[in-house]
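Before I ask anything, here is the structure I am working with.
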Amino acid sequence: LRIGLPEVIYAEGKTPGQVADIFSRMAEAGSDVLATRVSTEAVTAIQLAVPGTVHYEIARIVALRQALPLNEDEWPCIAVLCAGTSDLPIAEEAAVTAEHFGVRVLRLYDVGVAGVHRLLAVREQLVQADAVIVCAGMEGALPSVVGGLVGVPVIAVPTSVGYGASFGGVTALLGMLNSCSPNVSVVNIDNGFGAAYTATLIARAKRR
Amino acid sequence: LRIGLPEVIYAEGKTPGQVADIFSRMAEAGSDVLATRVSTEAVTAIQLAVPGTVHYEIARIVALRQALPLNEDEWPCIAVLCAGTSDLPIAEEAAVTAEHFGVRVLRLYDVGVAGVHRLLAVREQLVQADAVIVCAGMEGALPSVVGGLVGVPVIAVPTSVGYGASFGGVTALLGMLNSCSPNVSVVNIDNGFGAAYTATLIARAKRR
Amino acid sequence: LRIGLPEVIYAEGKTPGQVADIFSRMAEAGSDVLATRVSTEAVTAIQLAVPGTVHYEIARIVALRQALPLNEDEWPCIAVLCAGTSDLPIAEEAAVTAEHFGVRVLRLYDVGVAGVHRLLAVREQLVQADAVIVCAGMEGALPSVVGGLVGVPVIAVPTSVGYGASFGGVTALLGMLNSCSPNVSVVNIDNGFGAAYTATLIARAKRR
Amino acid sequence: LRIGLPEVIYAEGKTPGQVADIFSRMAEAGSDVLATRVSTEAVTAIQLAVPGTVHYEIARIVALRQALPLNEDEWPCIAVLCAGTSDLPIAEEAAVTAEHFGVRVLRLYDVGVAGVHRLLAVREQLVQADAVIVCAGMEGALPSVVGGLVGVPVIAVPTSVGYGASFGGVTALLGMLNSCSPNVSVVNIDNGFGAAYTATLIARAKRR
Amino acid sequence: LRIGLPEVIYAEGKTPGQVADIFSRMAEAGSDVLATRVSTEAVTAIQLAVPGTVHYEIARIVALRQALPLNEDEWPCIAVLCAGTSDLPIAEEAAVTAEHFGVRVLRLYDVGVAGVHRLLAVREQLVQADAVIVCAGMEGALPSVVGGLVGVPVIAVPTSVGYGASFGGVTALLGMLNSCSPNVSVVNIDNGFGAAYTATLIARAKRR
Amino acid sequence: LRIGLPEVIYAEGKTPGQVADIFSRMAEAGSDVLATRVSTEAVTAIQLAVPGTVHYEIARIVALRQALPLNEDEWPCIAVLCAGTSDLPIAEEAAVTAEHFGVRVLRLYDVGVAGVHRLLAVREQLVQADAVIVCAGMEGALPSVVGGLVGVPVIAVPTSVGYGASFGGVTALLGMLNSCSPNVSVVNIDNGFGAAYTATLIARAKRR
Amino acid sequence: LRIGLPEVIYAEGKTPGQVADIFSRMAEAGSDVLATRVSTEAVTAIQLAVPGTVHYEIARIVALRQALPLNEDEWPCIAVLCAGTSDLPIAEEAAVTAEHFGVRVLRLYDVGVAGVHRLLAVREQLVQADAVIVCAGMEGALPSVVGGLVGVPVIAVPTSVGYGASFGGVTALLGMLNSCSPNVSVVNIDNGFGAAYTATLIARAKRR
Amino acid sequence: LRIGLPEVIYAEGKTPGQVADIFSRMAEAGSDVLATRVSTEAVTAIQLAVPGTVHYEIARIVALRQALPLNEDEWPCIAVLCAGTSDLPIAEEAAVTAEHFGVRVLRLYDVGVAGVHRLLAVREQLVQADAVIVCAGMEGALPSVVGGLVGVPVIAVPTSVGYGASFGGVTALLGMLNSCSPNVSVVNIDNGFGAAYTATLIARAKRR
């Protein structure tokens, strides 16, 4: 991308062949490449076409790393939080994306609001992050609580986890938009990629 | 009411004259009487018609106590929580209603989720309650956090406090219905009265 | 749970293997265990992993009882109501959950509002309950009628039963939130489990 | 109208002068005339322009009767039901309209679902009607219960009475559309006039 | 039913076995029986269990006629209208139901509003009906035009036909509720059965 | 504008002073000027600042004509339709705008769908138009019927006229978007200006 | 159609047999024929029944051209724009339809708003069109930008492309209805056909 | 605040007296203080109570600066964009808040998407910003276009500007959430304050 980040392919709605073609072309140009929302068939098609890719199953991502330097210690750092196993695909989409954009990621994954002490127990890790991504479905309350604990931007990702009046993530989305913590901003439902993109820009600003 | 609770008048949409008339009739029958959502004009009309009433300004309630015994010490106890000054009218509607139904009320009123330590600071008081009412607007996240801290039913009252995508309390309502704490049930937006009614039935069960 | 209730697993969105693993671990710790929303595959996985479980097919629950004493006569009692066969899975989720939490359950299952005399015919049973759960889809009118017949809390569960403008339970949910009976509070669409949790807390309060 | 009914003016959104002009013109042509949703100013304007009109204050109707014969005994009969004082303007819009269309009206006005015995107490009157209009706000449950008690069409009128999640009558409207009584059909929120129009056509069919 | 109409089974959400059982039991009691929304499997199950039934494929109805007398000439008459082939299942659900309730049905099935002359061409048939059912999807405009052409009640049935902003019938439903023809009332989306039930009650009133 | 049309000021949300200032500036530059949605105060402010303007009261427009030639006979022609007096402000906003953009306008203003013969009576005028604007509130059915009668584009303008389930024009908007006439396209609720703009571009194409 | 355009069949919701039958009948009558939204099975059925048809796979259209003259050079011209591969089916539905209606089509298909220079790069082609169709999903912003670059009508087609809060095209639809470019009008979600129909009428007006 | 930012009072829903009291108390403690959404009465009350405050009329903010150092040259820098006069109150709420949080603000206020060249004309200023705030009503398309032009986070603020289907800012909100530019995140409708808070945290990170 225009700011030195890897090329990204949004695989949903593309055929496996189309995804593999675009991936090949970008790889040959020497870029780092990331394909999100890949189906099993698309994974196979990419792997046949391009050697050296890594497949992140839960995150539904295939990535190729050939350009970005890998000196992890100097990297900025973000935290990715969620409440439990159902939010994992989105949290991992965010975490894997950020790592491939050159950011260190603290995964804090069992910290729902109904057991607030688990969140308080990880507070020391949390405050080291330069930006925080919070993924939550159902009532979407976690970003507000986290927002009150940190002094950096919180990117909230509503997930489509839930049933009944969760309306496929709309309830979580609305809750996050109405957060009483002023450091919270929000991306689309299940958009772990977008949250990682913004969090990366924030975190990298510190070291530029 | 059919279960030994005072008579209640919902004053909204009635003329001051109508409210005062109904209030008088009930008072003469010897009942305790509660009028909610009273306008300034209705307050005056009641006070002219019935001596001995008490006006609770923030709660918008006028009450008459003549039947229920007043031995507060043996009473059951509930807690009413909210985050700040904007939720006060609803929290007070709940608290005053419960008190007039013969319940002791712990008011815990400055405990929003963006500053979770203030909530943890009152935890010892909270766990004494036989039922808990939580009033919250905006993202409506407070009941979930409270639900995780207590072992009694939590009645959540979404308030119409907020702007933009709070949609007059709908966001808070949806958040509460999707609470990940299983001891949370919900009443209509701004329905402090209904929450107090149910909380009273729960709390009084213990002493019957 | 923190209040002496069995451990509960929400199986939806977990693989059969994950569900069986969590179930085993809890069973080994000596707890009573309840898994709700179990698929056929998850049932088999649990049964292979843990001996002595009971499968409630309509309720989609697998349960293990090893800790809670079973002296039914002293138990508190709740009623679970619904209108017909389509609401049964949710009504049974509520009833089986409550029974495993140590509560006696009166099932009153053919009492829709379009034939109000069937409801009146069971009124004597109804008034024995310490809390009442009412499951209803379509217009969701049953909790209001029931609320007028009893002096205890009514927990209303909107069900996703219906078509067209029932919107997957939203119409029933809205109707219940606007109930003109003040003892009605509401949980999420199809949340029989949550209703049973709250009803259990209410009913058990009386005997503590 | 094309079927021998009086001329009708919907006054909302017209100036008092416009309303009075149209009323005059129709009156001079010898028709019976009905103006609904009249403001105080429009009432005065009509009364100055046309002698012999009757003003129904609660129904917000001004009517002139000069054509239709008045032999009430042979008339068909409908019932108009509602739960309480807030639905009165709509119930009266329906009742007055029907009377001016030549129909006898049984007003049954204190019969909400939270006290179902009051409804059962008027059942004998109810079953005499050739069509039934039921006006209800909040959860809109009354038409379903009434529909189960009669063998004639029930026209349900959702009213905009309520607050919070009643959404200006939408909740009542949705509830009525999902009625489990198959003899229920529905008109627009607060449309007492339309309900009376259809009920009149039904009731008059019997005597044609 | 309580008013001399056949027994009706709503087959959706019941197993073929359950549907056949209920059908058998009703048939043995001597009633006419109607099962709506029958799957292919339920049709077979009924046919195996009960001789003499008729299967209406487009209407998804299985019916048994053994009680109601069949003197068609004296019967009242309704019209069922729709715009084209996609609305046929609902129009036929209404038509077949009404016929089994003892009503003569005029089917007027190719009369959409975008070609208003086709509707005007059938006007003479239309005005013979004692009640009119209009099924329409998409913009749902047909009932308003029909309502202006007849002097009897119009029962509007929104259908789930359409795409995009038709929202599964919601647009048609809203259009019908706002009809500027005052003789229009509305039932749930795709509820051909309910429309036929009400239209039957209206049409039969004339001959009672 | 970039295509030889007069300058336009949208006055809503601007102070009278701001509106008059912008108007003056444009007038001095020699342009034709149109201000829409003008309040009474803004009208006065413009009239004081700029001589020679015309105020169209129903359309809420103030216009200045100094540049565009006025040879009406060669002009293209559009038709503007609506059902009655409540849609007049929007229909006139469209008509006056189009006239000031150099288009001849046929006003056909009493042609609602509930009396389809009035529409058919003006059909000969209708088919002369190069484009047709149809303004309608409530069920918004008029554009579909008109679309079937003409062979030119129909621009549909939903109006906020109606009550209850008309939702401030949303029902009309949805109906129009689902029109079964393929020559219908739609603009925002009450946007008579935008409809006139597009209709003008269409009509003028013929003579360019 | 009534204005010299080919006959059109909307194949969705019709069986392959029905589609092929209608297609045959029209073809035999000598018309040009277009079938949109054809399934693979319907394509085969048409091809077996009618020789000489063309199948446009991405557009899901089968067309027969036998009547319309083919002198492309004198034809009017429209442009069809979209942002990327996901909008192609709708853009091609519009383009193929317009071509079969006798219009020349400029396809400008890689011009999303997040890379506005790609759009500016095709501006010279764009300004040659007599009407412009813009297909866009997600935020639906492209029509506003395009509307500011051209002096002809822009027909905006919201597509159902997107996820989460795109709500199947509703977000794009709403954005387009609120376009700040006054030359934008809108058709239903995914209605490429309707857009082409209106654009054809506009473009052909110039040469008539 | 916990991160060295001034104290903030949200004045909406507080009485002038309450606002002035809180302001005084904070001022006496030596903090910088900001009150947003102040009414005219609250401004006067603050000015009487606290000397040295500044009133920003369009932004509806009263501010006191006594703690934060004022060395503007070393400050980080953000840009605030909007399309026109109606978005000014929100844009200024953002700009004034950020300035009082110690950030330099580039105001780029006449750059709507319907005239994209005005935006391109300010591109050089735009790319200097460390974070960008974009306020937009109606279709909310501006953040997507801006997002494609810069390599820093874009905070999008939907404004309640518009009418009809703009739904008080909901359309703009949805459009922004679906932005195809991955560096866009969103805050609540009209929440200029929250956008400034997050943008400040981002911009200040660079210089810490």
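In order of appearance the chains are A, B, C, D, E, F, G and H, and numbering begins at 1 in each one.
Here is the rule we use: contacts are C-beta pairs under 8 Å (C-beta built on N, C-alpha and C of every residue); 3 or more make two chains touch, one makes a residue touch a chain.
Every value quoted in this text rests on a predicted model; they were computed, and no experiment measured them.
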item	value
Chains touching both chain D and chain E, listed by label	C, F
Chain at maximum distance from chain B, centres defined as averaged CA atoms	G
Copies chain F and chain H touch via same or different residues, half shared test	different
Inter-chain centre distance, chain B versus chain F - centres from mean C-alpha coordinates, in Å	52
Separation of mean Cα positions, chain C and chain A [Å, integer]	37
Centre-to-centre distance between chain H and chain G (centres being mean Cα positions), rounded to whole Å	42
Intercentroid distance (Cα basis), chain F paired with chain C, Å	58
Shared interface positions of chain C, touching two or more other chains	164-166, 170, 173, 177-178, 188
All pairs of touching chains, each written as two labels joined by a dash	A-B, A-C, A-G, A-H, B-C, B-D, B-H, C-D, C-E, D-E, D-F, E-F, E-G, F-G, F-H, G-H
Residues of chain D touching chain F in the complex	12-14, 18, 158, 160, 168-170, 173, 188-191
Residues of chain A that touch chain C when the two form their complex	85-86, 161, 163-166
In the complex, chain G residues that touch chain H	83, 112-116, 120, 138-141, 144-145, 147-149, 162, 164-167, 170-172, 174-181
Interfacial residue positions of chain F with respect to chain G in the complex	2-3, 8, 130, 151-153, 155, 173, 177-178, 182-188, 193-195, 197-198, 201-202, 205-206, 208
